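As structure tokens, here come the structures.
Here come two complexes built around chain A, the first alongside chain B, the second alongside chain C.
Take a look at the complex of A and B:
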């Protein structure tokens, strides 16, 4: 059977597909958020060193991971759009940007809340904090550039180039705790094993998956709006309006 | 048709841009005056204690250099865009990347090099030691071309947009932060009696890295903006 791999690269087809997929990501995300919060707040034991304040990692770590990961995915879509001139890729990139910026902001915000009791300061000028802040600026620059160009084609291509250039920052953030001797602690979970309690691990993992599913669901919802906006003059969108 | 070697093409573009700038000297001077002014504002803002000024001089001069290079960025391609020269450059059979490199070089000679040359005078105002001033000049000499190169990408992307001037700063400033950190770090290292070599070496690495990639990326950005 021949599969048409490119069927869903057409915005028309993807619009319908995304609509069907959203509940499959949104509901599990909601359920996992519930489980993750429950384990994080009630099951996971109090940390010996950091007492109750450590519980913020259950949102801080997933948000930080996703802020970096989403940037790479966004840059990947942007590159696809730039190279193959596929419209949908560029739309996906712009749909992901606000979510990535949100996660970068949550990461900085929760980090500040955690830093006050632990380090005694809301903010320190440490390599990881600074590079995460640059990441937030890069997201904002991407969104601002896209917003200020009228012609959507040029907006897509210009912001794609910016996203690709900015992606040099992601490895810097990731390795900053190893390259520089910083105040921010290194990762506790390694492939060789971890010193973490099982319930803490579970909660963090569940929260990571939940954030991930949330990001996918919200990006799909956003890309549907973008598709409608961009294709507003086409026949199929008008038909859609008549049906509804 | 006479064939142009890449070097002579580069030289041609640089000479043309310098010549154009010499016809309008005020543009070059405003950037320099802005730099001097921003630097002079700091002692007025934070107080004239020599000890503190000496400590923050490197950072202040670097931030001022960053801001004044942002100020001159929109001019890099704007005039050529308006009178159609840029379109002709793109149509030309010669490499656009090399032409962009030429424009970047000219831009640096007009906006970066004057800052490097005036920096020692401002350094004396901040009571910096001779060693610190020399390191600062060397760091600026390595770092300001990187600012022009990264800036070229931003200037090309925002070509002809309304509010382009502010937007270009928003796009370019985050990317220039590493240059700022290591540039100011070199001066800081000398002040605290350490060797500045590692900071300068990293700045040199940025310079080479930017030299390889940014002219090409800026040329692509110009193509996107002009189509």
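Take a look at the complex of A and C:
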């Protein structure tokens, strides 16, 4: 039996599939946030240098990673939509943008609250911080551009170009701590090993998985509304409206 | 360690709880916003059906 992989690229089928998948991502996300928080605050020891302030790391690092990954996935979907004119890809890009912006905001916010007690400043014009702020503006620009163009297909094309060009910024964020002499520290976890306590690593990793699951669940929930908005004139959505 | 000691975060309470509190808040706002958007689009679809919109 051949599986029809293209079946779910049709908005109709994906709408139903996404509805079924949401709880499978949302509930594990909530549980893992709880476990990650517990390990991060009750198992991981106090840091010798930073005392309790370092505990911001358990949300700061996962949120920062997600803000970069979501951008690349969003730009990937936007590119697919641009090249193959697939409706669903463009809708997925639109659904990911607000969540990506949210993670970029969390990264900057928790970074400011960590920077103040440790560096003595909420903000510095450091390469890492500045490129992360540009990432937030790229997300906001993507959302604003889509909202400002009335014809959805033209809006998709314009915002896809912005997303693709802007993806140059992601490796800049990632390598900024190596390329420039930044106040922001380099990665604590490297391929060659880490000096971090095992409970600290566990908490950070679990929070990272929880953030991933949350992002998938919320993007699926959002894309369902986008599908209905954009396909409002099709027969299947009209039938859905009768039932609702 | 007592609960008051735990919440005090050795003097870093504002920074630590300010971080996690805002994260919780923005997640809640996003969930409410996504639910609201769905309610709006479903209401619009219902309205389109009732008004016999047959574009």
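The rule is short, and it goes like this: the second predicted complex is superposed on the first by the 243 of 244 C-alpha atoms of A that agree within 3 Å, B and C clash if a C-alpha of one lies under 4 Å from a C-alpha of the other, contacts with A are read in each partner's own complex, and residues count from 1 in each chain.
In this text, contacts are C-beta pairs under 8 Å (C-beta built on N, C-alpha and C of every residue); 3 or more make two chains touch, one makes a residue touch a chain.
Source: prediction; values computed, not measured.
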Which partner chains sit in contact with A:185 here, chain B, chain C, both or neither? Use first/second/both/neither.
neither
Residues of chain A touched by chain B versus by chain C: which partner has the larger set?
C
Looking at the overlay, what does A:141 touch: chain B (first), chain C (second), both, or neither?
first
Looking at the overlay, what does A:113 touch: chain B (first), chain C (second), both, or neither?
second
State the interface residues of chain A toward chain C in the complex, per the touch definition above.
37, 41, 46, 51-53, 55-56, 59-60, 63, 98-99, 102, 105-106, 109-110, 113-114, 116-117, 214, 218, 221-222, 224-225, 228-229, 232-233, 237-238, 240-242, 244
Which bits of chain A are touching chain B when the two form their complex?
130, 134, 137-138, 140-141, 144-145, 148-149, 154, 157-158, 161-162, 165-166, 169, 172
Chain C residues touching chain A in their complex are 6, 9-12, 14-16, 18-20, 22-23, 26-27, 30-31, 33-35, 37-38, 41-42, 44-46, 48-49, 55
Which of the residues in chain B end up touching chain A in this complex?
153, 157-158, 161-163, 167, 170-171, 173-175, 177-178, 217, 220-221, 224-225, 227
